[in-house]
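You will see chain A twice below: alongside chain B first, and alongside chain C after that.
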Partner chain A sequence: MLELNGITAGYDRRAPVFRGARLTLAPGESVGLLGPSGCGKSTLARVAALLHRPDAGRYVLDGTEIRAWRHRAPRELRTAVGVVFQQPRTAADPRLTLADLIAEPLRATGRGAEAAARVADLAPTVGLTPELLSRRPHAVSDGQLQRACLARALSLRPRWLICDEMTAMLDASTTAALVAAVETYRAGTGAGLLAVGHDRVLLERWCDRTVEWKDCLTGGDER
Partner chain B sequence: MTGNVLRALEAVTAERAGTALLSVRGLTVRFRLSGGRTVDAVSDADLDLVPGECLALVGESGCGKSVLASALLGLLPANAETTGTALLAGPDGTGPTDLLAAGEKTLARTVRGRRVGLVPQSPAAHLTPVRTVRAHLEETVRALTGVPRRERRARAEEAAERAAFPATHLDRHPHELSGGLAQRAATALALIGDARLLLADEPTTGLDRDLVDRTADELRRHVDEGRALLLITHDLAAAERIADRVAVMYAGRIVETAPAHRFFGPAGPRHPYARGLLDALPERAFTPIPGMPPELTALPDGCAFAPRCPRATDLCGTRPEPRAAVACHHPEHPRA
Partner chain C sequence: MADPRTHRLRLWTSAVTVGAVLLAVLLVPPLAQLDEQAVDLSAKLLPPSWDHPFGTDDLGRDLLLRCVYGLRISLLVGLVAALVATVIGTAVGAAAGALGGRLDRGLMRLVDAFSSVPHLLLGIFVVALFRPGVWPVIVSVAVTHWLSTARIVRSEVLSLRSRPYVDAAISGGASRRRVAVRHLLPAVLPQAGLAAVLMVPHAMWHESALSFLGLGLPSHQASLGNLVQTARSSLLAGDWWPTLFPGLLLIVPTLAIAGLAGVWRDRLNPRRRSELML
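Moving on to the complex of A and B:
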């Protein structure tokens, strides 16, 4: 279960972006969160990904209440959630090859020995060739870089995946390919998904159910 | 297809070229890289655009769409080699200008902003962050028109109104604008020179669906006033909304040009790549085209799409010449 309750968050305590948001995902469930740009849905996604400490509210992930965010969060919780952002360029270290980019979470958690095998496993599932894996971000397209960012998010086999506008910059075919890669991973692992976006047609096709941002705020029962 | 039909189609193409505002033939752009490698960004592109028409140029990112637009405005970096012609009809019956052969002085003084307006990708980055929208507009009025100083303010306000930019926001800086308003500010700037040809390079990227629709409809309004619009986009929904014709680009080549109603309608496109693009949409089959586009540094001799194509045969090892606006050895039959 991923349970967000009464979450108030923002970048200035006196003027939070939103107050009292709630959202619940059952284990293995995929939920699309729909809202216009600037509404705060990405901030809620960052809270869910343990990347942004909320000002108030309760977040319970698989039965454990979250009390620390970012680097303070215990490793077993941090690695339970994988994240893919909208802009692959700003989410990728330009000095790393795509192979190193995908392996970085493994190395950062002391599992560098598994890296080569895991990268070799993941690359074909996101459609990356060995030649592309040897390149650095400046030498690949946005779509190819986003494929690497998805593989990176999957490298630690997270139980939850948060995709914040993962395909907003991409063309139709790359979008369909990335969504298929996410769904293949979920079918194999039973992982849950929170997909945040503004493309209703896409999220309704992709997810088990969709939730309107305004219904998260009114505390309306979305179950 | 019979010879008669082909000849009739060619006649239509020739007639279109005769009345065209922009007529591009054999446009090829290569970039020379260090180590003797070349990037074949655009190969042998033909297209025509008449006043009051919107042509959408669609394709995956990195297929050469934006390079084509930059070539038309002379905005390519120094290592680019451009061949072909791009004739832009002259104002009031004067002779056409070849945009590819024109020097920087001609392009800067008579073409950019005056005869070709550019609606840029990511307007927030296009605007100067330290100046207000009004200052942008007045500067552009001064640079492009002979309007005396005391009338500039009024002209700037008119320009804002034409692009539906609210007068209440004229004194704001770019960071104080939403994505949609920044887009309108950039469009207002593109319209000041009263250019008959508009180039819009991914004008809807990153906007939400309502804003995409509004931005597209506003661009269409300018087309209906008699301008010609080359809409470069990977957003097929935006193209379907406003385009009269669709040109599909793959690996630097235009592989199919079709009327929008046929392309998006039950008949569908005929090139397997164009079909694949449409089938990838979530409102359709939502299945990706297998594989990825080839590298523009190592294009195959034959059809560049053959390695991903379900219909490919040995014949596809040779390059298909366009026949009836489709460059494919095995085009699909119309579905309806």
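Moving on to the complex of A and C:
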């Protein structure tokens, strides 16, 4: 279970972006979070990814209450949630080749020995050719880079995947390919998905259910 | 903005000058096997000639040879001091920027405290603590010149720290150390390197200033500052060469290194880089 309850978060304690948001995901469930731009849904996604410490509220991930965020959070919890960000350009270290980019989480967690095999395994599932893997971010398109970012998020086989407007910058065919890659991964592992976006048609077709941002704030998430 | 031809000209003049200076200071002393301190009072204060292209000083020592030795010492001081200052500055700036919080505030107040005292005054205070020599000068220049690098590196790290790729690294299980070494430091090193290169001539000038004030290297040792200092007295008697040549040797390498650093800075700027490739 991924349970966010009464979350208040923002970038200034006196003026939080939102107050008291709640959202619950059952294991293996895919939920689309819909909302207008600037409402705070990305911030909630960052809280769920343990990247942003909320000002108040309770977050329980697979039975463990989260009390520390970012580097302070235990590594097992951090890596249990994979994140794909909206803008692949800023989410990729410009110095790393795509292969290194995908392998980075494995190397960072001391599993560098598996990296080559895992990259070779993941690249075709997200549609990256070996030639593309040797390029750096500036030499590939946004879509290709986002494919690599998705592969990076999947490299540690997370139990949860958070896609924050993953396809907002991309064309329809790349969107379809990325969604298909996520679904293939989920079918194989049973991972849960939180897809944040403003594209209602896409999220309704992609996810088991969709939640309106305003319902998150008023406690309407109960089924 | 300079067109590519001016750019290339600047690159080549600077590179050739720096190359010539480096060759001279590296090769002349071991190959020539001449004593730059050899006194010949019968040949004192001779104007430039074929035997003594830079003339001789008031003790009949060959100025060309002394200039090369002086430049050698000044360059050594400049390079080592710039390197040490950059390492200190990068470490302090990266720690402050990456760790933030109280450590950041503490370190930055330290930088402010150091900056509030004039560099030269602080440098004089440091050399005054030791017996005159090369190392006190290096230490004095290094401990007074890491401040700007620390500020540059800190602000770079601060802007990088909030990039989503750092978030992605954290989410991928990277430790603080890993984020710093793998993602932050490689991004700030070009800036720090540029700061180091620009620091070399600055450090040379500081060495010269300290030596000129009689606080740097011992006066028998040839350094550009010492040469100008000893030549000062003969200038009023109309002997221009003992001041002119050491002075030129201070100015020309400075301009050449600044030229190279300018080319480097242009290459760091991606937009400029793409224009240069056209």
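List of remarks:
Just so we're on the same page, the second predicted complex is superposed on the first by the 221 of 223 C-alpha atoms of A that agree within 3 Å, B and C clash if a C-alpha of one lies under 4 Å from a C-alpha of the other, contacts with A are read in each partner's own complex, and residues count from 1 in each chain.
The rule we apply is simple: a contact is a pair of C-beta atoms (placed from the backbone, for glycine too) under 8 Å apart; a residue touches a chain by one contact, two chains touch by 3 or more.
From a predicted model like this one, the values you see are computed outputs, not experimental measurements.
Judged by the touch definition given at the top, the superposed model places A:Thr8 against neither chain B nor chain C.
Once chain A of one complex is fitted onto chain A of the other, the partner contacts of A:Thr125 are absent, as it touches neither chain B nor chain C.
By the touch criterion stated above, A:Ala177 is placed in contact with chain B alone, chain C being left untouched. With both structures placed on the common chain, the touch criterion links A:Thr189 to neither chain B nor chain C.
Once the two complexes are laid over each other on the shared chain, residue contacts for A:Thr24 go to neither chain B nor chain C.
With both structures placed on the common chain, the touch criterion links A:Arg46 to chain C but leaves chain B unconnected.
By the touch criterion stated above, A:Arg205 is placed in contact with chain B alone, chain C being left untouched. In the superposed model, A:Thr90 makes contact with chain C only, not with chain B. Taken together, the chain A residues at the contact with chain C in this complex read 46, 49-51, 70-71, 75, 78-79, 81-83, 85, 87, 90-93, 95, 104-105, 108-109, 149, 152-153, 155-156. By the touch rule above, chain A contacts chain B in their complex via residues 36-38, 86, 127, 129, 141-144, 168-177, 179-180, 198-202, 204-206. Of all the residues in chain B, the ones that touch chain A in their complex are 59-62, 178-179, 205-211, 234, 236, 276-278, 280-283, 286-289, 291-292.
By the touch criterion given at the top, residues 163-165, 167-176, 178-179, 182-183, 186-187 of chain C touch chain A in their complex.
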